[in-house]
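Below you'll find a set of structures to go through.
Note that subunit A is present in both complexes that follow, paired respectively with subunit B and with subunit C.
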Partner chain A sequence: MLNFVIKRTVSMIVVILFIVTLTFVLMHAIPGSPFTDKKKLPESIRKNIEKRYHLDEPFLKQYCDYILNMFKGDLGLSLRYEGRRVNDIIKKGFPVSATLGLLSIFFSLMTGIPLGILSAIKHRMWIDRFILVLTTFAASVPGFVSATVLIYFFSVKLGWFPAALWGSPSQMVLPVLALSLYPGALIARLMRNSMVDVLSQDYISVVRAWGLPCYAVIWKHAFKNAVLPIITHLGPMSAGILTGSFVIEKIFALPGLGQHFVTSIINRDYTVIMGVTVFYSVLLVLMNFLVDMVCCFIDPRVKM
Partner chain B sequence: MPKITKAIFQNVEIPQMDCQILRNHKVKSYWAVVFQRFKKNKPAMLGVYLILLIVIMVVFGPVLSHHSYSDQNLSAANLPPSPGYWFGTDHLGRDVFIRVLYGARISLAVGFFSSIINLTIGVVYGGVSGLIGGWVDNLMMRIVEMIYAIPLTLYVILLMVVFDAGLKNVFIAIGIVYWLETARIVRGQVISLKERDYVVAARSMGAGRFHILFKHLIPNCIGPVMVTMSFNIPAAIFTEAFLSFIGLGVSAPMASLGTLVNDALLSIWSYPWQVLFPSAAITVIILAFNLIGDGLKDAFDPRYYQ
Partner chain C sequence: MFRKYLILFIIFVFITGVLSGCNNSDVLLAEQQILRYNLGTEPETLDSAKAKGNIEFNVLINLFEGLIRLDATGNPQPAAAESWDIEDNGKKYIFHLRDTKWSNGDPVTAYDFEYSWKRVLNPDTASGYAYQLFYIKNAAAYNSRDSNTSSDTVGVKALDEKTLEVTLEAPTAYFLTLLASPVYYPVHKPTVEEQGDKYGAQAEGFVSNGPFKIVSWRHQEKIELAKNENYWDSEQVKLSRLVFLMIDNPSTELAAFETGQIEFGDNPPYPEIERLKQQNKAKIASDFSNYFFMFNVKKPPLNDPRVRKALNLAIDRKALVENVLKAGQVPALAFVPYGLKDLKGEDFRATGADYFKDADFEKARELLSEAGYPDGKGFPEIQILTNNNGNNKPIAEAVQQMWSKNLNIKVKIKVQEWMVYLESLFTGDYQTSGIMWSPDYLDPMTFLDIFVTGGGNNVTFWGNKDYDNLIETAKKTSDLEKRFELMHDAEEILMEEMPVSPIFFNADPYMLKPYVKDVILNPMGWRDFKNCWIEKH
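And then the complex of A and B:
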């Protein structure tokens, strides 16, 4: 166990270094300095600005400084907004995005798992077919489409929920719904398939032969094994939720980190792009690490 | 003892082995079986017909229409759907129908070209890794595992920032990022195939490693690779729509479906059809590809008949 944890931790650190390097190299591969296109600055002023952001230093020095600062927890200054630090942007935006993301993960698990189980119990019956059609459809709707459809019906037509902004629970309903549609559908399908697999195994036939009622078979015996693929899927799923949140935050005008990220892309605010990418990547790598640990902890069959 | 006469015997109908049937029953090839299973899958066939229909509309629609995707006519701005403008017009008086068709063209092109790019990278990478084996394979797969941990869409975004907007760049950015699944599958196939007798035979006849890889191993991976590709296509379309929605896709006056939705979003209160049609189009395209993908997966899956 300890061996496994150490091995995974080392590989995680390697991955994080790889991510930082990749991001840094990509951002510095953009031709020209970020300030060359800016309304014909006099040469001396441009030099001064570049000096302020350490852009005049050699590439390797910049890289080493970036890594060192990153491990100190400092992601640098925004290039477009004078005096704003990337850390502040993350500190301000991330709580909103995290709330949105966690609520969506929670909601999609709460709808996807029961739907999947129901579908597996009624395998090949009309309700299974119906859920399959529903989830196939839901998995084909891009986030911006589901969000606009929800806005159109629930805000424009019915006026039940507000179409924008963040704060009160009623403002959270539509964004969370829109964001969890796709992962919810995927979870339902995953749960269905794994539950069908588990239910066809011998030990289930045995407990059925004992005469256990259906719900006891499902909850006491099948569920634990069937839910494992869902847990491993949580890592990729949070990556999907994250990129989905860019779109959702943009549509619903939420003051989240995704919104800032999209704005910084449009503004070509390279340090913010770099900082947020690194932040998100590290977050997801940690998430994957955590999921692996949980899996290995609850499932003794997982190879360590 | 009764006398044995002819009368106590009677004719019994001999169960005839219908040799004719057996003789006529051709052994079906693997591909024929797969194709047959696929054809039986109604949703998957629906997907195929939908894609065919969309392709025909996208290829011939713009030719037949007298509007063009960049024609502006301010006196006809924001019209609702009518016989003249099937999907209405946008805020510059451009015909939404034609713009949706062009958007669908871009979506299909992205799905096609970027999955060809990631197919090529994935097949070569996985094939080489599986064929060479040993520490090279180990290293190559470690790299894949490492990339797996990274949120890939973020890096597509980053690549688009580096490359700048444009259709060709979208192909490349999506194509060079999503090849991991293909590589893994091809590697697994190659490893399981490379000890087969026919490969040993080819090797004993002096065939080179890469000849074996490209002539014998990769052609036998087509099934699983097709399945992955059929899921890569909608994923690429999804990503392109996402990119253009956040403003990183193709540049104006060309518009992909994501751009169309994004542009029309501000006027959803007054002109909802401008959002509705491109949204529906992208959903139908992705849905059709997903249906085909599910069908292919079932058709290639040996557990299908259980």
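And then the complex of A and C:
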């Protein structure tokens, strides 16, 4: 067990260093700089700005300084948002994205799992087909479309929820709904398939032959095995939700971190690009590690 | 008998008139004087030395007051300066300051202005907009790190608490309108020095001298301002609270506007503007930006002025404006937009008139055949470079269609990401491209001096000695009437050689609830809420 944890920790650090280096190189390789503007800056002014942000130093020095500061936990000053530290931007934005993400994952699980089980029980009956159509639809509509449609119906037409902004619980409803459509549908499909698989296995037939009622068969014997693929998928899925929330955050004007993930690249805000990338990679690598651990506990067949 | 009734009637009318006159504003004012305006995105900073765009300016203009404020037509009005004298043929300005206070009660002095302007110019401040102060004597030299010029030589000096003397490099006719720009605002020295790098990034401890003061700033979310009781003209300020929100997506902004989350929004979605105009929800303000196509004259066949003119005449601007853009833009048949006034108060554009006819396909084909491409034969394929921002792509597509249809030539479009696109322009790696240009100050010069030979923003790489001379003389002369003549002459050369093809003069659509009154929408695109009030509704 300890061996496993040490091995994974070392490989995690290597992965993160690799990501950081690659991002750093790519970021400087793309055309444009944080101070490229439609109105070109006079040469002397550009020099003043580059000096202030140490962009006039050799590339390797910039890289080494960055890595050193990163290990000290200092992600630097934003080049675009004057006077704001990247650490503060993350501290401010992440709780919003995380709330949004966790609520969405929770909501997708709460709807996806029951729908999947129902589908599996009513295998190949009309209700199964209906859920199939519904989930295919939900999975194929892109987030910005569903968000816009939700705003149009539930806030402009019906006036039930506010159209934008963050703060009160009622303002969370639409973005969470929009963000959980895809993962919810995915979970429903996964759950259905694995449940169908499990239900066709011999031990279930045996349990059924004992005369146990349907709910007991499902809950006590089938569920635990059927839910495994969903847990393994939760890692990448939460990655997708966290990094993919920028569209939803932009449309609903939410002050989350997802927005920075994309706008920092458009703005060439080097330190924010790096900061957000480092933060997300650490988070995702940890998340995958956690999922692996959970799988080990639930399923003894998985070796550490 | 009749006379008696008449007198009584007149007295009655008089009394009711006086009474209703007295209480007019009280009756009309809504109980809650709160305005919520969608700023669009998060301001990059509230440090006036470093702010570069209208997002930041729209907050700063309400927080601060410079020597000058602009009215709705862009005329300079006395603000922190009560009056001024112009001496030395327009090279020296003496400003007499009013008794005004900072939001914390400290007096605003001429020393504050001197400190603030020198701070902008200090190379360590690294202000990107410092060049807006280069009209001041020795400002450019002090700003350049290599020249070792001391700040004492810069032509701004407080003579006493209430008098500021400014010496310019050359007479600058539009210097007063420049003073309304945020980069010329005063900053509160103790706050700036205490907060250091954090100045302008947080609401805590922020001190300003304008109609409003900042209450809170939740990044990426909202900025709240409240009426500044220490403002010298605070009687005129009716709003008790001014809230800036940051909704980026135009459709969401529209939904927020229709559901009452905001009263004022700047970005009605383009496809909806016509409907919103009909429903009286969207309005169009004047805007002094122009949109033009640039020709890279280093790339044949665009090095031939006849080809450039042929391409210019083959564009149907009226059709483009009416069928593609549909937001009140005006076809441009010359370079400098409408609205910029000369000395007599006449419109520079109206005096200069049009330089060519819109959609003159006959002449376009003639010119093209003169250049050696009869009916487009032998004309190499040309490429329009564009990006996904705003309307750039639809405009490029419309122009592509017009050129290929009217001149029988092959035209391709290449789309690049914004920053990549800008790099392509600056390095000359393109043939032709459409771009929107907004003024830095309210004078034709802001448009004309782009195209001097070797100018940083002259990415057409066109150059003309006569043009350069005209611009340089216009910049230095103290004969202001002659100055306008010179600029007209320069524009004529520009339109004769046509390194740029003007497409349209922009319009500024916005959504405003009918009960919001007296917002000043000045032609720089800044929203001034100093006099704004909410009517009972």
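By our rule, the second predicted complex is superposed on the first by the 279 of 304 C-alpha atoms of A that agree within 3 Å, B and C clash if a C-alpha of one lies under 4 Å from a C-alpha of the other, contacts with A are read in each partner's own complex, and residues count from 1 in each chain.
In this section, contacts are C-beta pairs under 8 Å (C-beta built on N, C-alpha and C of every residue); 3 or more make two chains touch, one makes a residue touch a chain.
The structure displayed is predicted, hence computed values, not measured ones.
By the touch criterion defined above, A:Y81 reaches subunit C but does not reach subunit B. Once the two complexes are overlaid on the shared chain, A:V145 sits against subunit B while remaining clear of subunit C. In the overlay built on the shared chain, the residue A:N225 is in contact with neither subunit B nor subunit C. By the document's definition of touching, neither partner reaches A:S108: not subunit B, not subunit C. When both complexes are overlaid on chain A, the residue A:S180 reaches neither subunit B nor subunit C.
When the two structures are aligned on the shared chain, A:K250 is found in touch with subunit B and with subunit C.
In the superposed model, A:A239 makes contact with subunit B only, not with subunit C. In the superposed model, A:T135 makes contact with neither subunit B nor subunit C. Legend: residue contacts after superposition of the two complexes on their common chain; A:V156 is shown touching both subunit B and subunit C. The contact surfaces that subunit B and subunit C form on subunit A in the two complexes overlap at residues 30, 148, 151-152, 156, 250-251, 266, 268. Contacts from subunit C toward subunit A in the complex involve residues 42, 44-45, 47, 50, 52, 123-128, 130-131, 140, 143-146, 197-202, 218-222, 245-249, 251-253, 255-256, 258-259, 261, 417-420, 422-424, 426, 435, 437, 440, 456-457. Residues of subunit A that touch subunit C in their complex: 30-32, 35-45, 47-49, 51-52, 77, 80-84, 89, 92-93, 148, 151-152, 155-156, 159, 162-166, 250-253, 255-256, 259, 266, 268.
Residue ranges on subunit A touching subunit B, taken from their complex, read 11-12, 14-15, 18-19, 22-23, 26-27, 29-30, 133, 136-137, 139-145, 148-149, 151-152, 156, 239, 242-243, 246-247, 250-251, 262, 265-266, 268, 273, 277, 280-281, 284-285, 288. Within the complex formed with subunit A, the subunit B residues making contact are 43, 145-146, 149-155, 157-159, 161-162, 234, 238, 241-242, 245-248, 258, 261-262, 265, 268-269, 272, 275-276, 279, 282-283, 286-287, 290-291, 294.
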